[in-house]
Each structure stands twice: as structure tokens, then as C-alpha cells.
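Before we start, here is the structure in question, set down as C-alpha cells.
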Amino acid sequence: MNATEVVIDNAHVPAAISALMADYAHCIDNDRIEDWPALFTDPCLYKITTRDNYIRGFPACIMLCDSRGMLMDRVVSVRSTNVFEPHRYRHMVSCIQVVEAARDAWRLQSNYLVTRTMLDGTMAVFSTGEYQDRIVLTDGAYRFNERIVICDHGMINNLIALPL
Amino acid sequence: MNATEVVIDNAHVPAAISALMADYAHCIDNDRIEDWPALFTDPCLYKITTRDNYIRGFPACIMLCDSRGMLMDRVVSVRSTNVFEPHRYRHMVSCIQVVEAARDAWRLQSNYLVTRTMLDGTMAVFSTGEYQDRIVLTDGAYRFNERIVICDHGMINNLIALPL
Amino acid sequence: MNATEVVIDNAHVPAAISALMADYAHCIDNDRIEDWPALFTDPCLYKITTRDNYIRGFPACIMLCDSRGMLMDRVVSVRSTNVFEPHRYRHMVSCIQVVEAARDAWRLQSNYLVTRTMLDGTMAVFSTGEYQDRIVLTDGAYRFNERIVICDHGMINNLIALPL
Amino acid sequence: MDQDQALISWPEEGVTRAPFSVYSDPAVHEAEMTRIFRGAIWHYLGLEIEIPETGDYRLMEVGDTPVIVLRNGAGGISALVNRCAHRGTTLLFEPFGNAKELMCVYHNWLFDLDGDLKSVPFDRGINGKGGMPDTFRKADHGLDRLRVETINGLIFGTLSDDVEPLRDYLGPQVVGSFERSAGRKFRVLGYYSQWLSSNWKLYCENASDPYHATILHAWATKLKLNRLTMEGAIEMGREGWDREGWHQLSWSKMATDKGGEVYDRAEFRSGTESFEAFGLHDTSVIEQWDEYGDGITTFIQTVFPNFVFQQIHNTLATRVLVPRGPEGSELIWTILGFADDDEKQTAGRIKQGNLIGPSGFISLEDGMVGSLVQRGLGGGRDKATVMEMGGRSIKTISNSRASECGVRGLWTAYRALMGV
Amino acid sequence: MDQDQALISWPEEGVTRAPFSVYSDPAVHEAEMTRIFRGAIWHYLGLEIEIPETGDYRLMEVGDTPVIVLRNGAGGISALVNRCAHRGTTLLFEPFGNAKELMCVYHNWLFDLDGDLKSVPFDRGINGKGGMPDTFRKADHGLDRLRVETINGLIFGTLSDDVEPLRDYLGPQVVGSFERSAGRKFRVLGYYSQWLSSNWKLYCENASDPYHATILHAWATKLKLNRLTMEGAIEMGREGWDREGWHQLSWSKMATDKGGEVYDRAEFRSGTESFEAFGLHDTSVIEQWDEYGDGITTFIQTVFPNFVFQQIHNTLATRVLVPRGPEGSELIWTILGFADDDEKQTAGRIKQGNLIGPSGFISLEDGMVGSLVQRGLGGGRDKATVMEMGGRSIKTISNSRASECGVRGLWTAYRALMGV
Amino acid sequence: MDQDQALISWPEEGVTRAPFSVYSDPAVHEAEMTRIFRGAIWHYLGLEIEIPETGDYRLMEVGDTPVIVLRNGAGGISALVNRCAHRGTTLLFEPFGNAKELMCVYHNWLFDLDGDLKSVPFDRGINGKGGMPDTFRKADHGLDRLRVETINGLIFGTLSDDVEPLRDYLGPQVVGSFERSAGRKFRVLGYYSQWLSSNWKLYCENASDPYHATILHAWATKLKLNRLTMEGAIEMGREGWDREGWHQLSWSKMATDKGGEVYDRAEFRSGTESFEAFGLHDTSVIEQWDEYGDGITTFIQTVFPNFVFQQIHNTLATRVLVPRGPEGSELIWTILGFADDDEKQTAGRIKQGNLIGPSGFISLEDGMVGSLVQRGLGGGRDKATVMEMGGRSIKTISNSRASECGVRGLWTAYRALMGV
């Protein structure tokens, strides 16, 4: 696709969508992961894959949730089932671009960078990549109908417990 | 707090507030730290603490200024009193979310990432965390009445001379 | 320059300019570098230099293109002439500040961070610094008339093939 | 590394102990690269289906040796060391691709798909000046080659001239495992890898250790997906065979859980911890079908030193663990289905993919625990692990997985090759 | 590390010299971990108030040995090596917490708060198959323990069986320091730490070196907060005591500055540099009260090898310096007040906090200077430092701090333990 | 490093081989710092025009020794080791600056611009207490100095007492090169550097190897900017001279390309690869003028071990390669013009700057290829490079650059200094 194809129009990102995207990050980064599933529609598509799988058309992915229930199961895994060293993310999201704008269904693409900080204070860039979002207006609120997370890297630093 | 509590309304961040937040970063990153104190009200609260201290309710912090004079004393420290290897920051600020919006007093939270570059060219992520801001309108300009910097990491890479 | 000089007015960044800046990043990060030259006017100025050269007034730079043709020659270099290990960038751009606002000619400054990911999955912060942009409205579209990239670091990790 | 002095002084308890120093000592690591990875082993190199056409290649590392695995002109498979014979430049640096010939970027020495040196620019000089000496023979400057053999579409290679043929190295048990599991044509569904901040052997021990599986992976245990009370076993090759214990199979059948009195005892976390709000909100992730018609739901076959073939429910994958220095390693996953899967089956495998890999509900801990051990070693170089579950030998216990015999088997192979 | 060859050849000038190699040689570092940190020393482990309730724990590192410091069932304090007795897994990995028992995540071996092994899952196997051999005795597989003693609420531990009791190790001077400074109950006000890209001994030298204090920290000097012309002294224990010089106290009284003729000489930076615009805009940061009623405004007590208790004005803190390899270390601060402080006092301590820590007006340079030295060592492995200020002995000079006797004391202790 | 055992066992083929171990072995690296960089060589330190005024300084590293290069009081040049004589602190830490004297931040020992110790704070103590012992002589505690000599404004220094004068070390050929290239006053146009993840010698080999130039840098070849078919040569000093081969000059004249029959043969990438869409859209980047009136368009003069002066078209630059551990290095560029350039010439040099440096159309590969070699070495410590192009000796071939004699010359110097 080229520049002109990408931008259907130069619509401003509505404040409510900016707020949704920010809240997504704050839920995860500030230890209120319980609030994260409600930011998606049900059914939905949340998927983490690698750029190489994406480019080569491989369907396998690192995480795949197609219902709010599956998102909630990820929360339970983080909170009480799976065992891992506690850590924190910090999301940076920028270069948000409107790909398709309609009153109640938006497509956006953006760049993300997530750092991971362990409790011993060590900190590193954990993941970078692209978000491909479909955001819809349902009962008066914008929610993620789709968020595809495409990691630039095929190698993961040990594990991904918290969503990216 | 949960998603709905956070966003009092979906107000757009006013251009003047975006400009203030950007100018804060540019003052520090582009070597005009002298301009930094004027971005705060007097009195004010500028505080750098760690997420662990914040969560556990410990009052101790890394830096604390409650007057513009104290901010100015930090500038003097950087410029002429304290000794340290010269270095540069670069701020990235994103996921800016309006927590409370009123004409003359805004509460915002955002994520930051700061890199530090030494004069030998080595560069690293120096700090990541959250800004909790109270921004007020005084004599026609928006200023920081409060900026709380909550570092994700309890360990600091050697020292913090320039504000985060 | 100081805070007040910087912000001529608190104009919002037009959606079309945000889109241009985002598209610049996506062209490079998402492997459609061929679309990159069209985001500039012809003639134009695209320049990568270091903060030290910039401060000390040295004219030498790392990359310099003053025509769309030169931008296209960089694309050819990346695609077919020069030899280097394939890698990806990811751009983060924030603290976008309007320095000068006019209907058809804007000056903006912003902070950028670019990560580089190699095909073996290793990932690192590759460059941070400042963008100084002059963006003009020509035949109905905003384009970069100038983009000066000022790297905080004088040391480059091996090579710069893709533009920053 | 000095052969005269003992590189490692092994505890007298033998394979029920592993001295902590083997997990971090750089000299030990160097010796492993030579004696194990360049020694008498067969190393997994990939799948035939990854390189179907002439010139198709994939890169792999055999210990610290970079290797190109490619489909050569004759339709066979070549494994060549990825190092130019001129001055050592890496020849290919994309993980996968196609190359009709191998041309080094530095001075463009040209090698064919068998690694033979075909041409040297300016070898005759220019206008008769310069160029290579008459005594220079291209035949003496080909690329280093690995011996290659395949089994059921899996490619193995070795840098050793001595090691026996692949099937003899694997033995009937492993050969049978591959016939059972890889009897039909696979399809690659994708890739990913995990960086582990731990010595390579810590992950290999983990893969040879069913004892941990139902305890560390509480998620699986809570859902009764894998418990030692199910029908299952460890198999390590014919008793007395000179490679007995080198390679291990651990399998179990979910449908046969005899109930969990052991799990209901209050002695361990996964048996006792109260998972507030636990219980799946969406069970589609564990919907499965009998993959091989034998009722086996978990099937983990390892090949010494660092290969794993896994079936967990309907997730099929190969895993290879590449050592990267004494305290790091990379676990490379290849996610598989069968070529003749229908869409529903593929979708099922993808969704069950939530169980495995870096975010796998029942594998997420395997990489993490290695770094916990690596860190625990600090200050304990003079100490050792204790591996006595299921006795002190490498004999298996019929139909029981409550044993560390697999880990003892791993160390048996290690000591044999390392000569310690 | 080879005992036969000299690990370090010390300059004949003795403790007035430290060879640069001790700051970067990995073999020296290894020996330090064994001979010093696992040797005959007492190491600070934390504060009793940090672990008031049964099961409360905090993590600490003694050299490269990870340690759990916890309140055991008997209300006493246990210090256990944070390493599972089975296969070495780190048992606890949150810096602070509460644990009723210690259960390893890997195979759920269960240890009580005294480190005794209580249970092993499947030790009896399943249906009589597998499990631990009859000869396996839980009593043989407890966690490694440290000896623990406390003084005025400060917890110390040792991995040595030989070192004398804590109070004898500290000596009357240090015991007196703690009675004076920690006589009342503390309250923890917070934590932070600093990563230092320098060998651990560089920071320890700094803490033992009042000579630098009034020169490097220009901020303090300009404001006349700490100058050598004030009444003050260095104390290092009774002359002739076999630990003389190991631990050092440096104190001074701000109110007694005899004026700065020395500081007015044009010979050093803090005396001469013109700080354009210097002078505080807001002096509330240096408002203080007489903390202990003795007029002392700076009180720095070190305990060999790596502990500091500080009073600077009304900022109270412990500092412990954890070595992390030959060229790195972490300085861990615990910021304190007294349990009975009123709000005004707490607020005062918090604001005075601007003086200390990674952003401290009068401590900001202490971590930085170590990395400047570390870098300066490049190419100078055959050279040494020169420490002759105040003479060449470890004798103190009454009421003078213009001496490096403290640093010479540090090296006296170092050489004794290292046997160099 | 143990002198008794052979540090490196060199292949019997001599300088036509370099064993891979020299590119990664830490012990070899340590020996190189001592025997080469602190040994009998002259090391580039910068340009006189960079430090015109008294007190002007720039920092440099000679191997792992940090050095201050400054204009002293007498208007001469001092090169001082950047390490305080007291306790080793780095004295100056900005790359460029001006200092009237050198005051250490730690305890403010004060050195003059010749490195002599001028004052020590509190050396007389306070009120007669403390201070330095009477036997302390400032004269014994100056900074370590390097011998300094200059040629055509280029500054060289050495830590060796034995090495002959600079001009003798360089020999007539290099002296001639500098007279030709640096005969007029330069102007600094800017700086940048490149971090290379490869051993320092890999870049130095690259700079001594015209064989790669027209092959690796396809951009230049396609545009016929540099091809071996042009008139050109390698020069390495008088035959039989005891430094023959240490320093190399490679030059060529673009205007003299005899046509590319060799390049039209189908044997190498730059000759054959079809660059879809290749051909410049804007040719201003290659507009040039005859810089020195001799028609030479590429002129690369190296000085052993790690200095390069380059003229590529109208881009003038010095390059110095600083080793940073066995597997890393930094390439520091100084971009030059002439003091009397007019604006048009300066603009031309800046635009031609697209050809060189980290983004240089014809230099971009030089740093990259080193890391490709470094990686290719994995698993090959027992192997060696092959350098037989142009024969096996260090004799040059008149008017031919199809030779690796320059690289063999580099290794000749290396072996002489290392004693291997």
C-alpha cells in the first residue's frame, strides 16, 4: 500500500479513541489488568504474532484470544495460575495513523514500544512493533474489536505473561 | 480505579497543554534547563519517586521540590555546583490520558521513557514510568502545579542530575 | 530560545500533518521505503547529523539529500546496491511542538527514538534525537520541505542504511 | 582447555548429582562445544519441508558453529559451515531463503551448493598482474561440510567422522517415536523463539524431567490436563544399550486419570493453592481430538543433546535449544500441523497454541525456571544438584513418571562425551 | 583461583598503595567472594523492623550468595541461602514479602522457616512406583543457613563458622556508634538503589575517605555544610586491636567551623570556582535540628566490608554495597526516621532527602567518581593508587579528618582476609 | 599472560594465514594492549588544528590507555595519560575542551599542562594536623606522559621509550604521502564514529585490502568510481626496509579505467547482479574536482597499527580505530577540508560526504563485513584465514591492486611486535 492509499481521510483521532488506547496501556502498566478485557468487544480478536510469521503468512501466533472469556482467562493466568518472576511493562504508543474512518468503526495502525522492568530494577526494551486495530462504537463506548500485535522480533525474552 | 472511573470525560487535551508537556521535555533534552522552572506554578510539587515506594506508601523520594526556588536550585546544581559526567536525555511521552478535566485545572496521567546518552556516544534507556500531573491555568498560561514522576525501577543508573 | 519564544501560538497540529509524520515512520518501519521520497517536496532538505556537530557548527553530516532524486537514490541503495544485514526500525515520535504555524508552512520540533531489530531477533535502541521539520502545503498535500535529524549520539551502531 | 587437569571433578554420587560449576564455567562451555557439539552426536538441522526446492536454505547453529542447511542440485541436502573459506565471512545471513550458489559478499569467492569453490575474482589478476599463485588449488578451499541423514523428514547432521549412522544413534525407541509422530507429511504453521538467560543444560534437564511437569505447570494440573496419576511412562531405550538414557520419551493419556488423591494432599502448590476465580471462562482452548488414534495426549521425545519433538494435545512442534555462551541459550520452536489438515484442524492447532511457547499456559514456566536456577547458583560453585527421585540409576520404572531417571540419563550421556 | 601462584603482588609500600588490578581482575573478584564475603566477616542483612511478623522476609545478597532474611516461627531471625536443596532454584524472588513456608516452584519441595526440608512431592511415588529411595533423609537436604546476630535492631549474618561474635567483631567504638545512632526505634521511610559501573571497593574507599568529602562535594562546601575546618574526627577502634582500622567513623559538627582560610586558598575547585548565580533560592532544604543532642551534623559509620550507617543533618540511612562482578556494584539505600517522629520531622527528613541518594546535592558525586576511577584504570594494570594523606599508618589523628587513614584501614582488613 | 607458553601458535604458512583465535581470545587481546599499543609504535593522536590555543585539549585512546592531547604553555603539545596520580580518577571527561590546568575532581590534586603535580589540598593539614608526610615529593607524582611528534599537522604519540623517531618509523613513502595530502592547512568539517562489533584487526585488514574495494562496494563499481582496471598501485615502503609492509598506500585514478572486461565476466556480484532501477537519479553526489592536481581520485594511506588517512574524490578524512575488548572497536572519523576552501568546495565536500562514513555509499559495508567475519569465526578457533592473492610475500606488484600484500604486510608487523 502507499501513502495515499493508507490515509482514507485525515480525520482526527477522536478523544474517546485516544482515551481507549491510553487506558489499554495504563491497565496493563499500572497493575489493573482486570480492567483490560472490558476494553474489547465480545467476540473480538486479540493476537500477538511476529513480523516474520505475518510476512510469510504463517497462522501460528504467540497469543490468540477470540472472546472476552479468553481475555479473562489470560488475566487469571497472570494473577493466580501461572508462575513467573513479577515484572512491569511500560507502553509507548506513537505514530497513530487513521487507516479507515467511519462513525462507528475505525481502523488504525500505530507503533508501540514496551519496556519490561524486573523487581531487581533491571529494565530493558522488551518488545517493539505495530498495532493494527479495529475499534468499534458499541453501546456508547469505543472498544477494540480487533487488536493485532505484530512484534518486530521473532525472539522473545523468556516469556510473555502480560499482554503487549 | 477502573477504566470508567479514570476518564471523567473524553475531553481532548488542549493544544496549550500538549505544548506545555512538549516544552517540558525540550527544555531538558535540548539544554535549556533554565526555562524549566517557569513551567511550574509557585508553590508547586515536583517529585521523583519509585513505583515500589509509591505502592508501599513510603514518603521518601529521590527528588522533591515544592517551590519554584527549589526548582531553580536544581538548575544551579546542574549548571555549576554538582560534578558529574555530561550527558543528555531524550524524553518520549505517550498514552496521555485526561483523568479530570476542568477549564482551569486538569489532571492527566501519561507514560514516559527517557534515554540517556553520554558524550562517548553510549546510549541507554535510563528511566521509564508514569507522570501524574496537575496542570492549572494561571495568568493566561497553563503550568504544572504538580508533576509526580513514578519510576518503574527502584534502581537508578548511577545518578539523576537532570530532572526526569 | 526560551519557552515563550518557542510556541508562536498553541495551534493544534492539523490531522494531515500528524498523518504525514506517522506515514513517514510507517513507510520506513513497515518495509515500504519506496513511498518515502514522495513525502518530501522537490527540492527539499533531508539531513542526518549529530548533536555535537550541530552545537559546534560543523557542516559535515551523516546523510544529506537536497532533492527527491537523492532520496530515491537512497532507496535504490537500500533495495539493491549496498550490502548490509537486513534489519527493521521502529519509530517512536513524541513531544511534537509547533514552533511556527502558518496555513501553508509549519515549523515543528519533536523527539524521536528508533529501535533496530536484526533478523536474529536481537533488538536495541538504535538512535534518539530531535526532528526539526519544515512542512509545507503543496498541491493540496502537506510535505516535508525540511527534516533535520539531530542524533543525540556521535557514535553510530555500525551503519545507517535506512533513513532515521 | 587443559586436558591434563580435571575440567570438572564430578561428585562421587555420580549421575544423581550435577556440580553447579557446569552451568556457568566458561572453560566447561568451551569443552562442551568441542566434545559434544563438534563431537560424536547427531544434531537436529530442520525439516525437509522447509527446503523443498533446489537452493532453498535455512540457517542453524550446531553449538557455536553456524551452519547452512540447503537443498543441493542433486535434490539432496547439504549442510555447510556458514563461513567463507577465504577469510571467514558469514556467507548467508537471512534465516531462510533460496540461493542458486553461495557468493561471499567480501571478495565474491563463489561456492556451489555442495560447498565447492567455483571461482575467485581476479584469480588470474589483471593484465597478467596479481592474482592467485599457480599452486593455489580451488579444490583445497571448499566449505566445511557436515554429514547429513534424515528420518521421517527430520534432518540431522554431524561434524563428527566417527559417530555411527543416525538410526543406530537414535535406537529403535526413538525411530519408533518418529514413525508414530512424523509418519505423515507436516506443514509448517510458524516460528518463534525464546531467549533464555540460563545455561543450555538447564532447559534440556527440564525437557527430560516429567517430575516437574505436573507441579510447576499448575495450570495444566488444575485442569487435569497432565497429572502423574494418568497412564503414562518414560522410555529411554533398551536396557544395557550403550546409549541407554541418552534420549527420552515421556508420554501420558489424559483420559486415564485415576483421580487425584496424591494431588489432593496438602503438600504442594498446584494441589493446594486456592486460585481465586480459577476455572476457564472459555474452554475452546482445550478442545482437542485424538491426534494419533492412540489416546496419547502428551508425547515428549528428546534426542541428546538438545532436540525435542512435542505433541501436547494437538499442538505439534520441534524445539531445538541453541547454547549461547555459558549463561544464555535460545529455544527455537517450529510449530507444525499436517499437510492434509482441514481448516478446522488448523484453527484448532492455532488456538491450542495458547498452551505452548513463550505465552503457553503449560510451558510458560519452563524457560523461566532455568533463570531461577541460574541465579540460585550464585555463591554455590562448590555445591551440586540432587537427583534421586525414582532411584539412582537410569532404569525406567514401568508406567511411572515419578522419576528423575530422564535427567540422570541426560547426565550419563554428558559424562560419556565430556570424559568427566 | 590458583592458590600456589600469588593472586596479587602487593606493592612494598603496603597499605599506602592499592594495585589497580584489584579493581578489575576476575580472579581477584572470585577470591574476594570466597575469602571475604563467605569468609570471617559479619555482613549487614537488614533491619528487624523490616520483618516484624512471622514469615516476613526480605532478600539480601552476601557477595554473590543470595540470602533470605526472615522472621521465623520462634520469633527469631533466620538467614537462609535462597537456593533450593533439590536442584538449585531460587526459592523467593520478591524483594520483600511474607511466607508461611518456603515452597520451591519447580518441584514444590517444601522447607520450613528454619530451612528444614518438610516434604517432597511423590516421595512415596504413585501406587508404590517411583518416589525417593529409602536411603533419602530429608534431614540431609535442608537449606544452607547463616549465623545471625543483631545489634540495636540491625541484623548481621555470616557464612563463616569461625568469626567471633558480632559485638567482638565490631568492637566498642562501633557498638557505641550504634547505641548512639540506633538507640531508638526506627521507621522505614523508603528505599532506592544505585547501579555503579565500578568495582565494589571503589565505593567502600569513598565511604572511608573524609578527605574527599569537602572537596568533591562542592555544594556542601560552598554552603559550609561540611568542611574539614569544623570540629570532627575519624575513629577506627582501639590502637593495637587486631581489627583496628577495619571499621571507621567520621563525624563533624557544622556549628563549629573555624573559618575557611584553607578553603579560601586558591588551590582547589570548591574553594575557587565561581558558581555564577550560586546561593540557594530556597533554603528550606537545609533547615535542620540537632538530631542526637550532641551537635554532630555528619556521622558516617562504616562496617567492613560494605556497610554504612549515615546521619547527614537529619537524614538517616543505611547503605550496603553489593558487588556484582569485577566492574559493577549496587548501592542499596534504606531511608530511615524514628518511629516517634512527628509529621514535621518526617516532612523535614523527606525534604532533606534532596541532599542524599542518586540526586543528593552532597552525595551525587560519590557513585560517579567510582566510574571515573574505573575508566582511568585502563592501560594501568601495573600501576597503583597513592594513599599518604595523614601519614602511612592506620593511626588516626585526633580531631583531624585531613587523612586517608580510613582508606588505609580498609586495605589493612582486605589484605588480612585475602592473604595478600 | 603467560610468556612461557606460546600465546598463539601461528600456522606454518606464515603471513598467508591468520589463525581465527587472534580475533577473539582475551589473552591475545591483553598481550596486544601491552606489546603493540604500549609497545614500539607511533599512535595517531589528532590534529594540531584541533587544539590551537594554550589549554585546548582533545581526548584519545591508545589501545586501552586514556590520553589527553593538549596544547601546553610553551605552545607545544603534551600527551598525558588521563589518570590522576593520586587514586586513578579520569581527569578530563569531555571529548574536547580547554583547561588552563588539570584539576582532579576527587581530591583536587592540581597538575599543570605538562602533567607536573602543582598542589595537593591540605598537604600541610589543618592547623598542623594531618596532611602529607614530609617525604612526599610532588615531583614523584606527575602524570604519565607520552612522547609526541608531529608531521604536517598530524600529531602522533608513543608510550615506548625505544621506538625510533616518527619520520623513521613512517619511512619516506608515508612521509611523502603526508606531504602530498596534508601539505596545506586543514579545516575540521565535523566528526562521527562507528561502533563495530568486531575485533579491531578486522577493520585494519579491510583498510589494507584494496582487493575487496571494488567487489564489496558494488555501488562504486557500478558507477565505475573505483575498479582495479584503473591505473593504481599499492605502496608499502622500500623493499628490504625493516618496516616494509607495515604501512600501506593504495591509490587509483578514476579517469584511467581501461574498461571492464574483467568486470563483465559473470563471476562476481558487482559485475553481474542486475540492479533493477540502478543508475543515479541525482548525480550531484559524484561531482568532483581534481583535489591535488595529480588525477588521483582514491588515496588511502594506512599507518600501523590503526590509522588511516583517506582521500576519496574530494572527501578528506582521518580514521582511527580504537580497540574495545576482543570483540568490539570504535572507528572515529574526522572529516576535513582545507582552510582556504571556498563555499562551493565546502558544499561539495559535504555532499560527497554521502559516499563515506556510517551511511557512505562506498564505505557502508566496511564496518558491517567485520561483524560478519566475527560471527563466522564461531566454532572455528582451530582454523585460519587464507591470504594468497598476489602471492605469498609482502612484495607489491607494480601498478596492480589485485593483491592481498597489504594484509600480509599488516600481519608481518603484528607478528614482529607480538613475537609470535
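We just call them A, B, C, D, E and F in the order they show up, numbering each chain from 1.
Please note the rule applied: contacts are C-beta pairs under 8 Å (C-beta built on N, C-alpha and C of every residue); 3 or more make two chains touch, one makes a residue touch a chain.
Owing to the predicted nature of the structure, the values given are computational and were not obtained by experimental measurement.
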If a chain touches chain E and chain F alike, it appears here: B, D
Between D-E and C-D, the pair with more C-beta contacts: D-E
Chain D and chain F, separation of their C-alpha mean positions in angstrom: 44
Chain C and chain E: spacing of chain centres that average the CA atoms, whole Å: 48
Whole-Å separation of chain centres (CA-atom averages), chain C against chain F: 32
Interface hub residues of chain C, defined as touching at least two other chains: 52, 83, 85, 92, 94, 113, 119-121, 125, 154-155
Residues of chain F touching at least two other chains: 93, 95, 105, 193, 195, 216, 330, 365, 372
Full enumeration of touching chain pairs: A-B, A-C, A-D, A-E, B-C, B-E, B-F, C-D, C-F, D-E, D-F, E-F
Residues of chain F touching chain E in the complex: 33, 37-38, 61-66, 81-91, 93, 103, 105-108, 110, 119-122, 125-127, 129-133, 136, 141
Residues of chain C that touch chain A when the two form their complex: 14-16, 18-19, 21-23, 25-27, 29-30, 32, 34-35, 38-39, 88, 90-94, 113, 115, 117, 119-125
Chain E residues touching chain A - in the complex, by the definition given at the top: 93-95, 105, 193, 195, 330
Touch list for chain E against partner chain B, complex: 95, 188-197, 216, 218-219, 222, 273, 275-278, 280-282, 284-285, 330, 335, 346, 349-351, 353-354, 357-359, 361, 364-365, 367-368, 371-372
In the complex, chain C residues that touch chain F: 48-50, 52-53, 58-70, 72-73, 76-77, 79-85, 154-161
